[in-house]
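In the two complexes that follow, subunit A is the common piece, with subunit B as its partner first and subunit C second.
Coming up: the complex of A and B.
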């Protein structure tokens, strides 16, 4: 046997760890075995339902009743409704391309190379411009499709992206306003934030969609979709502003003083010293707000928009498909999961990356 | 000192400066003139107003009565005046206050590019020059959190020097440091003094005071109680409060 090396920490083997943590006593053994059995059963049931005993193509729908597994035929047959809602059939390529453009814009803005005011604005003007041209048409020989007929995944992504891109700068303004040294400004911003935070999102969307037409002059009204997005963005901004304010408050006052003594003016201190540190400080909460917002886009159904969840209901809502609603919701759940999980993984990656130096 | 002040503008003039925090008066009728190139050490018990005094000079605190004049510019609420003064006055803090989200080099180049409008390359050359001066050019790419306290404070000094200030203010620069790191910071300050920088240092490092100070000021309860050259100050203090303070900090 080799001589023990005292210069390295003692190594604990995997089997020892396993034994220590899960099989130390008879009760531990019992609990561990039961847990493993339970999860194995659940996972097997799901895999069997979703993959082993399932039917995949629309033509085989008649086999579904006897197969005992998932009937993915409904997705095969009706996925266009889920993805595109009421968008005209022959123009679906435009909606697909618009989604790709928007997702690409979102992914691109995750790279730090784009993190300057100029590059980000350029990217988003380009992204939103192409999305709008593709969806709305009216130029380059594309037929006009008004927002009432937008739907499905494209609408969900559009609402999320628009709310984020309007709400984020607004939230920064609100957070800074609430921390203003002038009491009048601070109070006004505080009242504004607290007012919108104390209303349910539903109320705000209803007001934007249904009540504002009675209050605002016609030329200011715009399309219902844009009013709803504006209301949603204000709601988002008020919550996000509180997250950012928490981040700002965690910065020691000496940081701002150091900036002052170096001769930096107010805006230079805000943009170079305060905001970057505030984002770092409250990154988990900020990402969380984006995650919630993505999922809350489904609420716009209430005011008559066919975002992906409402389109899903329409997809199984007719004829022989009505029994297959579980498959449709699992499918839509998977789409939500894809977006939200990527978002939270990206948040985790950012946290790790930005922690450099803040040891 | 009187010779110098007649030929050039004094670096700092404070006339009957008073300041209150709420009801509490922190500065009482402060009269102080610091000549160009003079090194002044300010000491006194905690709460005596010494930090507040030098923080007033770069307008981190507002004074409520009296006049402060820095390099011939009146320190009032005129933003242009404040900015002008802050560009010429460097400050080093007890807690270093480096920007944790920037590398050492970025800490130093930030104000050069934004305030002095230098190109990034030019700014980096200047910054590297000062990092060499404080003897840590090899740390330029690291983040402040990866450095020791002494190294961070030397970076903070280099960051101030990059702006080419005419006056340097030090607010207890070694008080937050582990004992073995104090001398590396003091060495940098001594060499700065030897080059003729105008310095106002709030510090309890009496060895440093003896070595570089032209004048030592003792403050207590918001007043300047005694000021004299270091030799007189340490060997022959005239005020009872000064004697008591010196006996407390020098007995070990």
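Coming up: the complex of A and C.
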């Protein structure tokens, strides 16, 4: 028996490992101890600031100055602004529900059961429809609330979801177009992608929000929010198209030719041979683009949208709360972290599931 | 191929630049804005992407408030008789003037200084100044005096590289007062340094200083210097060419001033309407007709503004002055009869 086990590495106890890796020599000991002390101090300072010496309730704001820790009273008093921006106070349940619906839609579309064109479109039409009805109102006895009053987390989520859902199909079209065998099409798509990639996002948003009203006729304008989302989606799609193109280019041409010899038509080859592998090949880059986009939604504040960061500024920007901006930013940072970290972990899970990196 | 692409790119880029350079000639004709506002059924006034206390901020129950917002409300009340029809559009500083030109807002009431460039080149017409923002110096009360000489040999905290810093340096130099300038990159740093006692005084824009002061451990320990370093007149900005709309804005401001001059407040406006003291009050409150028709409004518009928003003293005190947390002295923003620079026009 023992002879067949020689492949298994010897079992090393935890203490031996610790000794080998961190306390092998006096210098190692010193470095390890210093590092542990350093991190312990930093963590203790933060825990002390955030939890031990902090004030939690809005009524206790007067105690904040002497407490020495975080003054979470500002969150207690003003969290509705961070979450809902300028959405009317009595209708906050609508904004909350809309957020929940949208997050649920995003989570649902992460399950592979939904990964068919029909199911995915059905899910998103349903998700977007309910979000819009809840936020905008005007039907089922809900009062109308126009987009200039939307804000906070709800607006950030809406912009991110809308940009992703418009941008993703667009990016596939752009990537395929750029790889077209027809030179005119390939050049035009290439120019389109490179043109929008060479402009800063800020310029595109500013143009969409502020300049287009001078250029387009009134009936084509729509609300500023939708113009900005359209501009943002084009920007997103151009970057994502290049990620997908990288994935497409990694597929050996023999596969497509094999598909042709089997009699598959263009769309069959694209949807069954090329795209699944392209997504698998560039998954890390694609997830990366989503992460970047979620964080870049904060740029829309420059064209006057009350997304979560602007709402945060409004939350601390009055009277006694002006000194507590750090607490507000830490709180918003935690919300961003929650979303982006989940997104990254989901990407990592997908990579594992699709065995990205293993050939 | 590559050269052709480059050429095309250049052409497209050139077109875009040309478009952005087209002078924004979106002027309005006389009476256009009022008609557009009435047809739309709402007044679009400027808000902020965030908050700019005490002019534009958000209350705990997600409503706009502030000094400028109150004047937006007054404008909506003047046109519609109610501020329910006011829509505050959040816009950033950079967006202000393009938004006005493109019709995203009907009027900008947002701490906007009246400059020649804006007045002539941007196609903008300004109302009379409704607020003067003084650059001032805040210092501890324990110094015992509020005159500039108190700071002789002391130090002054300022934001590095700003016009305020140069202004302060020139101000003290021209008076022969020796003062050490300590500058910081960020306004938070500057504020912390002053509160930590690293300098004896802090220079800034008056309303901003008031916001800083109320955040102090003991706001009463800090006072403003009795001389202002500079003044910026803040006016409402509107599209060039619509004189009627500018008239409405000017007389909306004037109505709040005339009301204050005659002791008419939101509380006692009904008594004054029942027993007008003189012909000015009669005209103001619409007892005798004329004030509305000449602007294209109803005769009780000024009455509504005073009743629902208040006179200029009430608007100031509620948002910036004694009844607010900021407790800024009315100073030059008082009527001329109280030592300020605000002069109501004459209602005839």
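Observations
Definition applied: the second predicted complex is superposed on the first by the 347 of 359 C-alpha atoms of A that agree within 3 Å, B and C clash if a C-alpha of one lies under 4 Å from a C-alpha of the other, contacts with A are read in each partner's own complex, and residues count from 1 in each chain.
In this section, contacts are C-beta pairs under 8 Å (C-beta built on N, C-alpha and C of every residue); 3 or more make two chains touch, one makes a residue touch a chain.
Keep in mind the model is a prediction, meaning the values are calculated, not measured.
Ranked by how many residues of subunit A each touches, subunit B and subunit C are led by C. Legend: residue contacts after superposition of the two complexes on their common chain; A:335 is shown touching neither subunit B nor subunit C. Judged by the touch definition given at the top, the superposed model places A:252 against subunit B, while subunit C stays out of reach. Legend: residue contacts after superposition of the two complexes on their common chain; A:108 is shown touching neither subunit B nor subunit C. Of the two partner chains, subunit B is the only one touched by A:261; subunit C is not. When the two complexes are overlaid on their common chain A, residue A:146 makes contact with subunit C while staying clear of subunit B. In the superposed model, A:50 makes contact with neither subunit B nor subunit C. Subunit A uses no single residue to touch subunit B in one structure and subunit C in the other.
By the touch rule above, subunit A contacts subunit B in their complex via residues 252, 254-255, 257-258, 260-265, 268, 272-273, 276-277, 280, 354, 356-359.
Residues of subunit B that touch subunit A in their complex: 58-60, 83, 86-87, 89-91, 93, 95, 97-101, 103, 110-111, 114-115, 142-146, 156, 159-160, 163. Of all residues in subunit A, those touching subunit C in their complex are 65, 77-78, 80-81, 84-89, 92, 146, 148, 151, 187, 190-191, 194-195, 206, 209-211, 213-215, 224, 301-306, 310-311, 313-315, 317-320, 322-323, 325. On the subunit C side of its complex with subunit A, the touching residues are 1, 5, 8-9, 12, 19-20, 22, 24, 26, 47-53, 57-64, 87-92, 94-95, 98-99, 101-104, 188, 211-212, 214-215, 217, 324-326.
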